[in-house]
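Handing you this structure, nothing more for now.
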Amino acid sequence: MNDIENFDEMWGHDGALRPAYRKFHDWFGEENPSRLRAKQREAEELFRLTGITFNVYGRAEAEERLIPFDIIPRIISGAEWLRLTRGIEQRVRAINAFLHDIYHGQEIIKAGRIPQEMISRNDAFVPQMIGVSPPGGIYTHIVGIDLVCTGAGEFYVLEDNARTPSGVSYMLENRETMLQMFPELFSQNRVQPVQNYPTDLRRSLAACAPSGGTDTPVVAVLTPGIYNSAYFEHAFLADQMGVELVEGNDLRVVDGRVAMRTTGGYKPVDVLYRRVDDDFLDPLNFNPESQLGVPGIMDVYRAGGITIANAPGTGIADDKAVYSYMPEIVEFYTGERPLLQNVPTWRCSDPEQLAHVLDNLGDLVVKEVHGSGGYGMLIGPTATRKEIAVFRKKLMARPGNYIAQPTLSLSTVPIFSRTGLVPRHVDLRPFVLVSPEGIKVTPGGLTRVALKKGSLVVNSSQGGGTKDTWVLED
Amino acid sequence: MLGKTANGLFWMYRYLERAENTARLIETGQRIALTRLTDGEGEWVSVLQSAGALEAFQAENDTVTKEAAIDWLLRSRANPSSVLSCIEAARHNAKMVRTALTGEVWEAVNATYMKTREVLARKVSERDLPAVLGAIRQQTALVRGMTHGTMLRNEIYDFARIGTFLERADNTARILDVKYYVLLPSASSVGTSLDNVQWETILRSVSARGGFRMEYGAGAGPREITEFLVLDRRMPRSLAFCVGKMRDNLRYLHKGKRTPLPSLKQVDQLERLYLSHDISAVFEFGLHECIQQILDHLGQIARQIEIDFRFYE
Amino acid sequence: MRLKIRHTTRYRFETPVKYGLQQLRKTPKSSHQQSILSWRTKVENGRKELSFEDYHHNTTELISFAPGATDLSVISEGEIELTDTGGIVGAHRGPAPLWLYLRDTAHTRIKTGVRGLVRSIGASPDLEGMHRLAAGIREAVTYEIGASEPNWSAEDAIAAERGVCQDHTHIFLACARDMQVPARYVSGYLMLDDTTAQDAMHAWAEAHVDGLGWVGFDVSNGISPDTRYVRVATGLDYAEASPVSGTRIGGTGETLEVQIDVAQQ
């Protein structure tokens, strides 16, 4: 069952059952495979009926797809999780400090710790944010940190998501589904709850309301609309928080505030959890072609009349080129050594590093600096010679557009297949909330799994699935 | 509540009601066609007319055939009032107002959408028609049931109800508008019992055959049918019933507010002018004229509701 | 010198404006070479929603149209006391980093025209060089009222060999930045010698010169700003420093009437 080269989270390197999986293993041994197969189908039916789907980019509404759900939980021990959260908290603290600095004194550039070009030539830097101090000093209220595991307790950060991380609805719905289908598992294992996330999110957002407001700030979720790939999640979060789900055309500037059109007139919004990208947020101040945004919202923001979460311009912190400096960034702002490791990264903008990358294309993963969703990347070890040749040309034409990383031997976790449990590669996105009261990491997160044997691509747009992620109470 | 949400709820329930009404019109058309001795093509013209779909149909088709009419009413995406179009539009609106619905209602709408797309994926044969129409009726009833059983009685519910009853009133009025001539006193010489096929068509179109028999027995004629469909406040598809419900729900929405509500005023006026007299007054005024006035008023009320509750701006 | 300024902008529309916003940058900056004795902005048929200072320290006001308005007027007026500093504005004031003023924008894109001009003028990145650059631009691109379109870029004007103060300024910015000299756009008022009535604001450039800080260059008039120049808004280009930018629903058939009076007290 286990693969010698990879670390399996259930069986370790050596095939010895790891303690976190002990009770699950006992349960599974008693289970009838045909009952589990029925449960798997039941889960799918449940997802389809509740409409937990995502829209595939560039397709019509009819193309709503389910993300495959695997019924085998991924289990993390409480002690391992505690170590992990310390690293995550440290990193998120550093990200917010970095954002404040970049939009104010830029001490980190003056100190020579990161090159000026990293910011000055970066499209994710939003000049309109210069000098802006959001309430509580918080720029990223909601963060998702993408991690991969390579051994017991060995986690690497693959990517930071400081703009509008998505996927939290799957974390919650996966747990809900597991609770409904396998209640006995939850009596046998003490699994830390994730269900407080919506309440925590609302509280975090409300705590960042502009000063001088009421005791119960009005929070709303801004969605690009029903055709957006993550619309289900936007509606889900608004519903779970008990706040309005608004689109740009529901909002306008009234009496110096951003207000939403209700049946009884315009009502001011204090905190807007926006799931619209910076560029589309305000046609008056950013992309004038945008139909999704609210004209003048940046003016209201600058005048202190609304909190936008996450703040505009936070993308500068999760840019893949900036990512390679994260160890320096963490040290610079926290004065501590980074607890979470970065994947070693070659910046192709640097001629020496580019040369190394070109010499080793067959062993590396090469990614676009601004890409997402697993598109436009090269996975050297699994690519054909022709694919590598084509990519080499692209890379040489615009080296500054790429970074390269070694292919890590990602951990596997069992999934339920026709032949029983089989190992598949996974990653993990824990969700972090930042408020003036502190940083909160929800115990669990979204585990994405590459369903194809040997595949390392976990993106839902390319055949990845999801799993419920358990953090045990030790 | 957001104006957009009120709009979405209003239309979601209008579309559900419309889908159900269209399905019922097809059912009636099919029934009449099967039981009549003469050729039934003419009947499909009036079915299309009652469904408000004749003009668009004729733009796309040269002649009215039963097969083409049924397909147009059931599945055509070119027909915005086809059952399929309505269900898709209802679900689109439900998705938009997802946060205002209970999980149960949302799941029922979603299931209706999935089922409808499944049964209407291909042209429906004559043999399968009853089962398909039955499935659609059952699904929409499920949404209604979930709405009754799980939704809070608040403004969300009010907009859902206003949409439902506005659409229903409009539907009943359109059926009467198309068939008014068979209900005129001068036409009563044509037939004198409920066996009159035309009368039966009308009653079937609004699921009122049983109810009418219960109230009036077998001997009643067009005057009683008209009274039943226009003025009877116990008959859930009568104009008086639907408009009364609209009035009630608008009043709930208006409760505690001082400023006048123009749409409520218009509903009050509609009731006062056309729905609070006896049936002889209706015939005196002219049945057709009266129905046309009611249809006009319903259109105006719908527009006024959009403005009063800031659906669009 | 003391200047009295009155600036009226009146918009008229054939159909009513359903909803609209205008962002104004019309308040003169307060600095050591110009002190604002009084200034106020009045809006007719609209209302002031808010004001804030943008990242170029421009006082920015957001106003909305009265619903259904078919005309809107913005009247700004006040008095400014000016001191001659020989065009020197002084040290850069953060937090916007100086390198920001090396960024090119849609109006100041650096392509072959700009590079060719920089090469042919051959100026150095110092005070003298900037004066040479300004003179060289004026020679290469003739000042001609109505010669250009408002959305022209520096490259467009260089190709056409003519333009107005906005074009001259954009060319200067692109060239200076190409020479690694931080530069910015200034929109403001200029008192003319022969008349007090004008129909447009003026534009000039500022370059950041080592040792002096920001220094103004009026390319179109071939001088550095003196006490006849009132600095209002600055930015990377016209789009950031323009007195008005807006968005609206409805309000077709716009006509615009601008009346500016700049007079010495």
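Labels for the chains are A, B and C, by order of writing; each one numbers its residues from 1.
One rule holds in what follows: a contact is a pair of C-beta atoms (placed from the backbone, for glycine too) under 8 Å apart; a residue touches a chain by one contact, two chains touch by 3 or more.
Small disclaimer: the values here were computed from a predicted structure and weren't measured.
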*More C-beta pairs touching across which pair, A-C or A-B?*
A-C
*asked:* By Cα centroids, which chain is closest to the centre of the whole protein?
replied: A
*At what distance in angstrom does the C-alpha mean of chain C lie from that of chain B?*
62
_Interchain centroid distance [CA atoms averaged], chain A/chain C, Å_ = 43
*For chain A and chain B, what's the span in angstrom between their mean Cα positions?*
47
*asked:* I need the residues of chain A touching at least two other chains; which ones are they?
replied: none
*asked:* Give the residues of chain C touching no fewer than two other chains, as numbers and ranges.
replied: 19
_Residue list for chain B, restricted to those that touch at least two other chains_ = 313
_Complex interface listing, chain A residues touching chain C_ = 103-106, 109, 116, 120, 127-131, 252-256, 283-285, 288, 295-296, 299-300, 302-305
*In their complex, what parts of chain A are in touch with chain B?*
48-51, 61, 226, 231, 235-236, 238-239, 244-247, 249-250, 260-263, 265
*Would you tell me which residues of chain C are touching chain A in their complex?*
19, 21, 23, 49-52, 54-55, 60, 62, 64, 94-97, 99-100, 102-103, 245-247
*Which residues of chain B touch chain A in their complex?*
1-6, 92, 95-96, 98-99, 103, 106-107, 110-111, 114, 155, 253, 309-310, 313
